[in-house]
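Two complexes come next, and they have one chain in common, chain A, joined by chain B in the first and chain C in the second.
Coming up: the complex of A and B.
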């Protein structure tokens, strides 16, 4: 058979050197990505140095970024052996700059981390570029060795990719965890101050103060009443509304769905003043009912949309089967549709509960007397302009978020089901 | 009194689309009627109007002589098997089966022991006894199908409706269920209306078939009558695989002419008046002969093992011939060894449709 027929114009498959053409050592492929990443991180570090106005730091980090960039550009592509020496040279410069910069610093955790982002990539580049497999490849490689290299790439790729992605993920996680660790540290440190070393002392005095204070329990009671009330009122309105929007055709359906979306686009502050006036006229300021009504109204649009989306995935044929089985419309809803929609109802309930539990602005404006504070407003009242009680505040913050975390854990299974609803049909 | 009657029934959707037009149809008590047609022909709409899931735009639907146009679905005493089975996913099989009985109106509701009896009976009949406490998710396609049938039968409906019930099953299971359905029908004698687009189901299950096309009833007849005596070219081409040969042409002097093709009409068609006609003959009635008859070019041959399909060209007209494989016919050969064959027609099996 004529092998020309099998070519696509780019690669002649009859070429016995195909492995050589395709083979690039996995180290080079990884360096191409990782050095780019390291350059970006060092630019962030450089930003930090600029903020600190540390002239030596700026100078050293700037040069380090430059050498990493040049190393990345000069990475060998297997065509000329001088590229390897050039890249090696600039990586070595980067390594030296990093070490000097570290020696020059205060050796704090931050310094180790920021210099590490220069030293480690540079050192890795140096060690890989001097390894036998890369040297081999740069000076031309035989077909057999190239095939062996492709197999080796396959083996190493999984491990190296895992190392790379986990390094980035740890940074992402740290970004979230560090503030939590900090607030926890403040909560268990003696005295009412911010800052200090992490984990230098331990006390539960702030928790004792908070748990022993009657006002905290009053605020908790208020928050629970408001959040549960909002959930109940919101759901009892949103569930039938979502069902109606999903199943029935009526005039104005599209317009009202759109209006629901539109309301979501306004920031809450816009409706604050009219709400306040309505509540004042109705005499609902400084009551839980006022907040319940206000929260139910503001969370309703999103709840209706979420539930409608789920009801849309309940097959109509189920309802038709129930009709033939002699169910009335109400029986269909309560015996068929609602039991099937429990995951969605659960996630909607959680959403209402949380938005009421965490809301601050309306609660601050409507309920001004201390015995009607909800937890967020109460927390804020603990740090007035004079005499901030940071330790107590941190302890209370942790206590306030605990129910939320517990709720999430309890509802986890339904949450996943509810969130992925529509993706799969039972 | 469990017969069903459609009297001049029309269905027009609000957007002006006419799904069913002037349908007159009678299903006798105990009859198994199959509504057959391509998708969009109005067969499902017809069934859904009978079930009460669609409103009737015009005309009357009668069940057992009573007009049911405005009765809610639950009051019509029907059982329905849906294409997707529509089992209640959150209930066990037992609850699925008994749901309809438990939902009956206060005065008509059976006591719980009678309900359990009925469910047990249905489960026994459909071989579901072992599965009663499972949920539908844990069942195979064929088992779900049987639950759906059980749920429809357990209320002892006046009429059993089925909407493409076998289309979600694989080929082997479908064959089994087809036989099973016919057996159940003979056991209970429930008046049944069955919708399908599969002519094999229609031919094997039906006492009579009603073939629909474009919302209009084309023919209502026992399956074999529709097969051998189709009313019109649509029915002729829809029933049977490969489809009936249809050649458009005209009749002159007791001869049929279509382009260069010209042959004497068979005896039973000799009296046909001159004019434009469609001539029809089924592939199995086109005989491939070694000599005489009409000479045709061979366009292709499909050997299916038990039968061979010849795609021929007779003086510019496409003709398909179907022969059952003869052992002496060179059955090992897969290539076309002749470029032409001769054909003759089994004359009594030919039909003419006026255009």
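Coming up: the complex of A and C.
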């Protein structure tokens, strides 16, 4: 049932039987996929109606799912024309059900969306099944019209697929955006409560509270110290190691690389308790140093892998030339390799910084006093089991995440590349 | 949630300083206060009662400044005056703050508050939680049944007092064993590197003179701060390490492991962890692949826009989006707002389990999406052109061309994703903390292994048992990875 087979000239299209046999209007092909998606979405909507325990809604949506499913099963295959009428009938039923349940609802955005998933597919099916090209096809099509239809299929396919892709992507984007819009709304709504319509009030009081709160600045300072310390310590360990793994051949290289790989595979949990006890024994709990050391080591393997990957792409010729000119290894490293791979080192530094900035578990375990909290633990402490300060939390979240989101987005391409490479190799 | 062992109360020498004065002689009641400090962070007061008529309770108020009215002070504790015939005396030391009436421990109501009989002539109470070397002003007032102060107490004259017993921190644990182990690891490694370097120099490798110096810092850090804690953790799992006796753990064999395997929640929490991980990895790879396929289509408009937005769950600090989801799922949160319902989504077992999984799926898709679109773009486009020419359908192209080409990426990514999900602490800790709870001391309905280990270690302070859980988790993961790698290798060989 593939049109491309014919249009690409692999088969003699002038044979009318084959053209007729192979031609399926693009609308039917699309409906086969889209109705399946529509059924899935309506099942999700049905779940929502069940949560609402709205009996009418449950019946209407349930029947809607049923009619879409039957429509999908009865989609004409060009052999029997009764199928078209049957499918048309069920699609019409679905359309009516959708309209009734929309009329029956409160007409909120959600209602439009959820009913839309019944109404639009049903309406599309009705309009396509009544169109001339489908009617033609169902009542038996002549060879040259089938051929024209194949050309038309090819034209329309790109457009229709784009519609499908955009629908999928818009839903994905909505799922990503909704929590962000919501948190923004909470941040600018008066009072430390949830609820309220989105966009019903505007205040900057939470931002004033957060910016005026010494605690927030203490947490920020702690986070900055820890993150910058981690970046510095981590890189000063990882850069030479990554370079050595990329360039040198030495005994124990295989074993060392294996050690790094092994550590990366190790789940952090096995380290958590002993780490805590060692840090406690050494008196490094509630200090920035403890966290810096822990973070530098936990991010070390991935940093080494990222850097090794980057160094591998720096051409060796320059170093060899410098070697011939009598430079020492150290001079080569500092004067040639480092400046050349500065962008790569910067990306690794950013990765290191971001992981320390966002890390939660170790920070939670190592720091028990409020004035040693880093931002993650501090912000989480604003949402205890009682007395949750949602407005302040939301404002703080926006302040904390905006810079790192911008950094991430600016360098996402290199970050993603380095990270996936490091992760997959490890 | 106390994670540090409470400082042991230290009984100091008998330091009494008696303050005695008559307070607030009212028309009905005369209260005499005797104050003495004799315990760490504790001041004991003694009140002589001349007339307890109409008194419902005595309240002890305190402040770090002198005060005239109760609005400038804080309520420390209260002692009820009531019929004590049906109540029981609680022995000394059993309650958090000891109280006595006429020399005997007071009766307590069912909530543990001290109750004295109207006939008592003298009562005393310990006031705890007072900072050493700080002046406190303490006043005792008598309150009647309607909550009013009994007359004659309009102007208070609090007693100034202080406790001078210094904070006694527990002896710091001995750092020598740890330090000597760490030092010996470093020395051993250094010796090894020097030996290897000499060997390389002898065999004439070009970079022999510096290579080891480059990797030594990283490897030593790794050995000291990763391998050593791992070994230490394995050792801990065979000991009775507990937060109350740090550095004094002793070997107890397999007791911890027996306890873990026989604990009633073990099977349940393991099962949920596996469901959680499998559901997450499947959804991450599935949705990630779907989005990657759409985003790598040649003719799609707005790809950059979509990709930037879809990366957000990765770019935003995870704890922030997790807490945002927690807010959305509250009874008065967005989810209920949209549906127009008021369902307690997070207190029902099934919905809480499904929702934490959904939130983690939301978080993890972008990573898979980006990794997979990288791999998709690496597949040469002419393979698809050739397939098109041969009339291979899109679906068959996906099955026979795209998937086999992605296999070398999907296989390690799935394994990694499984291990990450298995150890994903933050989502469950922040959204449900393992609740709804099933039974006291057992893992909650949404606990996965790692969140339960956290509870065992840092809520119950049982480091040894927690280490045993960790080792078991680790062994599970090793076993799984081993089987997984073997299986995928086997199918590779067949293919």
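Convention: the second predicted complex is superposed on the first by the 317 of 426 C-alpha atoms of A that agree within 3 Å, B and C clash if a C-alpha of one lies under 4 Å from a C-alpha of the other, contacts with A are read in each partner's own complex, and residues count from 1 in each chain.
FYI, contacts are C-beta pairs under 8 Å (C-beta built on N, C-alpha and C of every residue); 3 or more make two chains touch, one makes a residue touch a chain.
The shown structure was predicted, so the numbers you read here are calculated from the model rather than taken from an experiment.
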Classify the contacts of A:180 with the two partner chains as first (chain B alone), second (chain C alone), both, or neither. second
Touch test for A:266: chain B only (first), chain C only (second), both, or neither? second
More residues of chain A are touched by which chain, chain B or chain C? C
Which partner does A:24 reach: the first (chain B), the second (chain C), both, or neither? neither
When the two structures are overlaid on chain A, which partner does A:346 contact: first (chain B), second (chain C), both, or neither? neither
First (chain B), second (chain C), both or neither: which does A:245 touch? second
Using the superposition on chain A described above, determine whether A:100 touches chain B (first), chain C (second), both, or neither. neither
In the superposed arrangement, which partner chain does A:318 touch: chain B (first), chain C (second), both, or neither? first
Partner chain in contact with A:327 - chain B first, chain C second, else both or neither: first
Contact residues common to both interfaces of chain A (with chain B and with chain C): 426
Please output the residues of chain A touching chain B within their complex, sorted ascending. 315, 317-318, 320-328, 331, 336, 339-340, 426
Given the complex with chain A, which residues does chain C contribute to the contact? 3-4, 172-175, 178-179, 192-193, 196-197, 199-200, 205-215, 217-219, 221-222, 225-230, 232-233, 236, 241, 246-247, 290-291, 294-295, 297, 299-302, 306, 308-321, 323-328, 330, 332-334, 337-341, 343, 362, 367, 370-371, 374, 388-391, 393, 409, 412-413, 416, 419, 422-423, 425-426, 429-430, 449-450, 453-454, 457-458, 463, 466-467, 470-471, 473-474, 477, 481
In the complex, the residues of chain B that touch chain A are 51-53, 72-75, 78-80, 82-84, 86-90, 99-100, 103-105, 137, 151, 155
Chain C contact footprint on chain A (complex, rising order): 2, 4-5, 8, 10, 48, 51-52, 106, 108, 110, 158, 161-162, 165-166, 168-169, 172-173, 175-180, 182-183, 186, 193-195, 197-198, 236-238, 240-241, 243-245, 247-253, 256, 259-260, 263, 265-278, 280-283, 293-294, 296-298, 300-301, 304, 329-330, 357-358, 360-361, 364-365, 368, 376, 379-380, 383, 390, 393-394, 397, 400-401, 404-405, 408-409, 412, 416-417, 419-420, 423-424, 426
